[in-house]
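In the two assemblies presented below, subunit A is common to both, partnered first by subunit B and then by subunit C.
And then the complex of A and B:
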């Protein structure tokens, strides 16, 4: 099975360890066998170990180590944010974050809604069989 | 007796560094005006002789001297204050009671009593919890708040909740075996009315939020797979 996601300049990756945990960053340069130079619109450009990155499918078109302005422009053109939020991986992370932020009252309301949905489905089923 | 109101002493000698003043001893003598005080008093600093004390009655020598010197314990002027209330618990917060008869019940917090305990009510109509005191340690504060502005809780304090003094019953042999508890403890009508007045305003503000009434009526429980340390309340 060939590899599909490569470490290359412009590859968007997710930081999975450390201070910037959960951020989407762009690889702008490769330092050596273990580290890459990484940049994002809301953080300072800096080195990060490959082991701390999870590569995504998204790639943007940039030159080696672009200026911040050019990086932001390229990210907007490639529409990284929307592509990420619509991808199944991105959606799962968003759902996970939302679930973690639920309060006790929210969980109660969700429980009621789930029960009501089950009842509705059963009712619809019965209606269909009766008709 | 309140301490005498004294204006704090102001020094006319500012510190250059801690321990070293700006002005020398002779400069300070002049600044403080000791020369003027002396001049007023004829070249000497005024003497204030102690006031003659009123005649105190002659003290008799004590009858008894203890054999060993017993140490007197130090005075303890410590006044207890009510426990510090957690920042998450404010009047109107929904609390989850964790222990006791009402464990798991979700309940509205009214105020902290002077003993430190929390005054709490169900409301009674919704989940059967009356006006009750509960300890802060046995409570989870949720982030759900109820509007409590229409409720007057000023006349409740710890004395309201104290047990009534039991009348001493003489234990005759016959009585011991006959009746254990003839008189049932009836809740005084005053307490029932208090409950009703407090709950009336509360229930109105609770019903204005959808699902809040059923929420308060349900008990909290942990389900399989739920990790309390990861839950946001």
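And then the complex of A and C:
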């Protein structure tokens, strides 16, 4: 299987361990075999180990180590946020976050909605067989 | 990387003034040590070897920590060192690619310990310098001097996001493809 996701300048990655867990960052330069210089609009540029990154499919067009302004502009042009939130990986993470933030009342509402949905499906089935 | 083990200090000192020498020469040294106390001690160690002055007849005039000027810029560091092996003293030149000099020095001490079994007290740093890319000597640093660098990560290590979620047994085999 050839590789599809490469470590390269402009690759968007998700941090999967450590303080910046869950953030989307852009690989801005490669330090050595184990570390990359990484930047995001809401954090300071800094080194991070590749073991803490999960590469995504998204890549933006930047030069080596761009200024923060240029990075933000390139991210807007490539529309990273929307691409991420519409990708299946991104959607799953959003759903997971939403589920983790549910209160007991929300869970109650979901239980009622699920019950009502089941009833509606059964009713639709009966109508289809009757008609 | 937060919290470097080795800090860089600048220490300025001289011998105490005597009747023979009212204004002794002032010497400045840049050192790596884990804290200021050790830095001063190391300063006198070197001063004893180079000049006829000891801590008892000398004084430290200033000790300042030197911080990295551009910790977000990747640099190639060359470190010249003198180390004591089991059979004698040797000189060495090592190159490191890092964002800060303290990080490179820490990597150097770790590498010397692992590759040559040389511990901290047996290493003397002669000189450190930031090397421009065209003067680097080692292939392992030169291979990263590529503005269009691109390589795949071959093996995805599956890790729980915090150590508290660690378990010995998992229900399924993980997918290791990146």
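Note that in this section the second predicted complex is superposed on the first by the 131 of 131 C-alpha atoms of A that agree within 3 Å, B and C clash if a C-alpha of one lies under 4 Å from a C-alpha of the other, contacts with A are read in each partner's own complex, and residues count from 1 in each chain.
Methods note: contacts are C-beta pairs under 8 Å (C-beta built on N, C-alpha and C of every residue); 3 or more make two chains touch, one makes a residue touch a chain.
Fair warning: this is a prediction, and the values are worked out from it, not measured in the lab.
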Clash or fit, subunit B versus subunit C on superposed subunit A: fit
First (subunit B), second (subunit C), both or neither touched by A:103: first
Which of subunit B and subunit C A:112 touches, first, second, both or neither: first
Touched partner set for A:64, first subunit B, second subunit C, both or neither: second
First (subunit B), second (subunit C), both or neither touched by A:89: neither
Subunit A-centred angle between subunit C and subunit B, computed on Cα centres after superposition, in steps of 10 °: 90
Contacts of A:50 with subunit B and subunit C, given as first, second, both or neither: second
Partner chain(s) touched by A:30 [first = subunit B, second = subunit C, both, neither]: second
Subunit B versus subunit C as contact partner of A:17, first or second or both or neither: second
Partner with the higher number of touched subunit A residues, subunit C or subunit B: C
Overlay on shared chain A, then closest C-alpha pair between subunit B and subunit C (Å): 12
Shared contact residues on subunit A - subunit B and subunit C: none
Contacting residues of subunit A [partner subunit C, same complex]: 1, 3, 5-9, 16-17, 21, 29-32, 37, 44-47, 50-51, 54-55, 64-65
Complex contact set, residues of subunit C against subunit A: 1, 71-74, 97-99, 140-141, 144, 147-154, 156-157, 159, 161-162, 177-178
Residue numbers on subunit A that touch subunit B, as the complex places them: 100-105, 108-109, 112
Subunit A-facing residues of subunit B, complex: 94, 96, 106, 142-144, 211-212, 214-215, 218, 220, 230-233
